[in-house]
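First comes the structure, then the notes that go with it.
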Amino acid sequence: MLKNISNLQATLEKLLTTQQGMNAEGQVADYIPALASVSPNLMGVSVATIDGNVIGAGDYQVPFSIQSISKVFGLVMAMNRIGDELWQRVNMEPSGQPFNSIIQLEWEQGIPRNPFINAGALLVADVLTSHFSTSKLAFLTFMRSLAGDEHIYIDNNVYQSELAHGNRNAALAYLMKSFSNIQAEIPEVLSHYFTQCSVAMSCQQLAKSLLFLANKGLDPISQHNICTARDAHRVNAILSTSGMYDQSGEFAFSVGLPAKSGVGGGVIAIVPGYGVICAWSPPLNTFGNSVVGTNLVSGLAAELGLSIYH
Amino acid sequence: MLKNISNLQATLEKLLTTQQGMNAEGQVADYIPALASVSPNLMGVSVATIDGNVIGAGDYQVPFSIQSISKVFGLVMAMNRIGDELWQRVNMEPSGQPFNSIIQLEWEQGIPRNPFINAGALLVADVLTSHFSTSKLAFLTFMRSLAGDEHIYIDNNVYQSELAHGNRNAALAYLMKSFSNIQAEIPEVLSHYFTQCSVAMSCQQLAKSLLFLANKGLDPISQHNICTARDAHRVNAILSTSGMYDQSGEFAFSVGLPAKSGVGGGVIAIVPGYGVICAWSPPLNTFGNSVVGTNLVSGLAAELGLSIYH
Amino acid sequence: MLKNISNLQATLEKLLTTQQGMNAEGQVADYIPALASVSPNLMGVSVATIDGNVIGAGDYQVPFSIQSISKVFGLVMAMNRIGDELWQRVNMEPSGQPFNSIIQLEWEQGIPRNPFINAGALLVADVLTSHFSTSKLAFLTFMRSLAGDEHIYIDNNVYQSELAHGNRNAALAYLMKSFSNIQAEIPEVLSHYFTQCSVAMSCQQLAKSLLFLANKGLDPISQHNICTARDAHRVNAILSTSGMYDQSGEFAFSVGLPAKSGVGGGVIAIVPGYGVICAWSPPLNTFGNSVVGTNLVSGLAAELGLSIYH
Amino acid sequence: MLKNISNLQATLEKLLTTQQGMNAEGQVADYIPALASVSPNLMGVSVATIDGNVIGAGDYQVPFSIQSISKVFGLVMAMNRIGDELWQRVNMEPSGQPFNSIIQLEWEQGIPRNPFINAGALLVADVLTSHFSTSKLAFLTFMRSLAGDEHIYIDNNVYQSELAHGNRNAALAYLMKSFSNIQAEIPEVLSHYFTQCSVAMSCQQLAKSLLFLANKGLDPISQHNICTARDAHRVNAILSTSGMYDQSGEFAFSVGLPAKSGVGGGVIAIVPGYGVICAWSPPLNTFGNSVVGTNLVSGLAAELGLSIYH
């Protein structure tokens, strides 16, 4: 792995250089206006290590919409709150379907395949809504605490846009409710879910916030136990099989790290025992993963030999 | 990880003891008579390490039908033979469906989701049938060479049984042929595939044979390069997302090793940089994975802290 | 066909006798409490002819929840209101799926297969909600006018029960909205839909109300043109292929009349050029069709040689 | 209905005139070379009535490949041979899927939805293969007898072409065999099936051959009972819900006759109590139905008021 942090800084900058222009191969998410208006030319990458280094290159301090990366944090909160009861209501199998398919949910009688497809994340949002009196505030507080930054905020423009285009997620939630697998009122669940997705954070903040997953549940900066070692293992496992939508298998095959992407263009990757990588560039490939973000993580993993599959 | 090989021997024996009677929770595969007649009480476990140790406990030297574990070896042979062309014809995504479902194959226009579902393994069998003049002999020779044992054999009783119950596999193969994704004649492809599945090997032989996957493609015993480091990585990645049928996600979640099971009751698990575990016990759970075999691998991984997700 | 109306009365009474006890083979719908509480022993049958006779036997004057039979009337109102534009938004093909499956809707990109599956009926409800200022009142007025009875009412107990168990229908509606195939607000669409379903009518009233479908669109009693001859033809065609849920093919095969059932236990059948049969008995078979209701229509069709397939 | 046979002749000729050039809107079937080579400009129509008239216009005496129209005759033979036992092995529900989809067959555990989708026709072919010592000859003899023409033949060029492109049908057959719903050897079943499809007949011959379905099972020419009145009813019912592939609902909606099409460009329609229409023109629409053939049947049904739905 990595020997020298100043070499790493140089590596990040070199990698960024190779990606100039590659963003043209993707498309910025346009299903909501608030995302469509982000510049396709922004790109950044950050690495945080469990021994305390946090570096970055490019636009690594610019906040962006974390979108589905929020599913990782929501999952950790729900695991902490209700324990193994969660796994009676959501499975941990890869989905083998495009990320928001309603078909599989019907087949499996309202039990989502895993917490990283939309249905599963809505289930998690239901757990949070039902078990916290002010779940949105609790989520934001959790994010601020992990990142060590009280300025982390919810982008209200994105939130309103999500709400206005949330019919498919509403369909998923009502379908689960018809199988008695949602407890709260659907509008509340959706409101929590879209709030999560609308949090704005930078590469640097995300990389720092997820160090506990690379460190058996312990945040090496605050020395707080964010979750158990067993749960950190479990989250990494699900990230490995299901974190990159229907490209998860290919990402494991060619990169080999637990990772999660969001349609805001962010990609995070956990390197167990070492640290966290976060890359960002808005244009997405056909699977909904950032073209340049994926390339940056992939390039760094190859350069440093980070794969968990050797 | 493991410090001391004599401790490991004691650990294997202790683990076996904990599993006495647990085999009653599964059912021996009965879709073919030749498998249904195997004693449900046999159980064994073996560990081979890349530094040369091979130990075991219980019935670890008794040969059994390797069945779908053969898919790993067939895949390596096909990757070696045709290179990346293979990935034009088979995908590397988890399937999210029971292992032999024909529905997904139809949806994806004759391209199997991955090489470890039956459709994918038949595709691999087609590659071998088409590219080797005597593919069955080539496969057997490969297995004998990897295990360092010229006595490895094909169980003809199992082979005939498979042939007589091969209608679903024939359906999968003809469907792929209708999408022009099979080149050889179907009866030849099926004959090769059932031959592979009918190879009989012991836990000890399987563990030794797969060391190259834990060692970047290099067999540490023979010092032969069995495949490239990149391909060893890739096989481990697909094993991690798709090796345990529709329980692959749960296995990653709770155990955390690249692994493959077969309906003969065998389970192999790769520990990159360390070695290979192979456990065997014929009774299967509802997913088609050996109850005791899975428990043995799981127990050993927990005991020794082997998970790749930490 | 039928020669003599007093013979027909005797036939109806004889048929009812043969069905005593047969209701024990079905189950009263229990997905909502308001339906579960109806007596399973009520049964009735009525025939209305286009030459003006209306007769019946058993509980043929007892009102019951018309449920999905309301889909026929809603469809006629929507056809009258927006004409062929309707067929851009809903198809007219048999569904080949259980009646409320969401899978097909996803496959066909938000276009329901036909107006008699729930998704299609919700689409029709959206048309009515969007095109009438007070669609619920308009529906009730239409029903009262067709039956010639100002006392026809909405069973508020049923309506509230439906609303409280409407999650699956909400899922279907939101899914269609996500494909931009719903224009009104979902709660309004559901409210209209459940209102329709909650209308209470007797066999006699339903038989009279549908005479226009047996008479090329003209109500022979009021002499009003309820719809065009072409639309009467079309409704009868869809009833023939899709009116009896996933038993529609078998009903055509063994009975041979355009028909529609509802989970309240009602069944209506159109005999083009002759009249309408309506039978009622709450216990349902596994397809959701009234056991005795189906038997009564079937028996009468056989007795009188009414099948359109000869 | 029709009053005067010389008027009918004029009507047929007028209808043909309206269709000149309309064939350009379709595509001749090209999945096998033997069909692709047929001239797209041939078109003909014939009407046979139960009172003995047989007339036609255009190329109504030119033999063409009857393809799936053969499914009607095969079904009648199988019903006659094994009676209601047939309906344990094939259903009579519309399919709601493209005609050769393997998905539904998997869902319904090897029981085809109806005898007119390919899986169902292969099931029927299995019945014939298993219950006749020389089923192909028996089929040909049946066809010659119905048409009253010993010269009816099997087009060997088409047959060989079908065999060479039969992989999807083989997949369907093997899948059913895996569910124990096929008794004979698959190559024999396929050989029978492709033989049936390869029979060449003219519009005139087909119209005459099917008169028994319009006449309660009795062939009005030979005065032979070809099947029971009940079975004629049943065949007409299945034709009405499932005879025109995934356009069956629309055909009922707009035309309203039991009908069957084949990819050779033929369309037959039964008019119960009156006669049979057969039209032919090779170019097909996207559903696999003859563009002009469908138009001719539709035009005639409208002109003469033949619909069974009034």
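Side notes on the structure shown:
Letters A, B, C and D mark the chains as written, and numbering starts fresh at 1 in each.
The working rule: contacts are C-beta pairs under 8 Å (C-beta built on N, C-alpha and C of every residue); 3 or more make two chains touch, one makes a residue touch a chain.
In this text, all values refer to a predicted model and were calculated from it rather than measured experimentally.
Common partners of chain A and chain B, by the touch rule above, are absent.
Counted as hops between touching chains, the shortest connection from chain A to chain D is 2.
The chain pair with more C-beta contacts between its two chains, of B-D and C-D, is C-D.
Among the other chains, A has the CA centre that is most remote from the centre of chain D.
If each chain is reduced to the centroid of its CA atoms, chain B and chain C end up 55 Å from each other. Centroid to centroid, with C-alpha atoms defining each point, chain B and chain D lie 48 Å apart. A separation of 32 Å divides the Cα centre of chain C from that of chain D.
Looking at chain C, no residue sits in touch with two or more other chains.
If each chain is drawn as a node and touching chains are joined, the picture is one closed loop, every chain linked to exactly two others. Every pair of chains that touch is listed here: A-B, A-C, B-D, C-D.
Those residues of chain C that touch chain A in the complex are listed here as 101-103, 106-107, 167-168, 170-175, 177-178, 186. The touching residues of chain C, counted against chain D in their complex, run 91-97, 104, 113-114, 214, 216, 229, 232-234, 236-238, 240-242, 246-250, 252-254, 256, 258, 272-273, 307-310.
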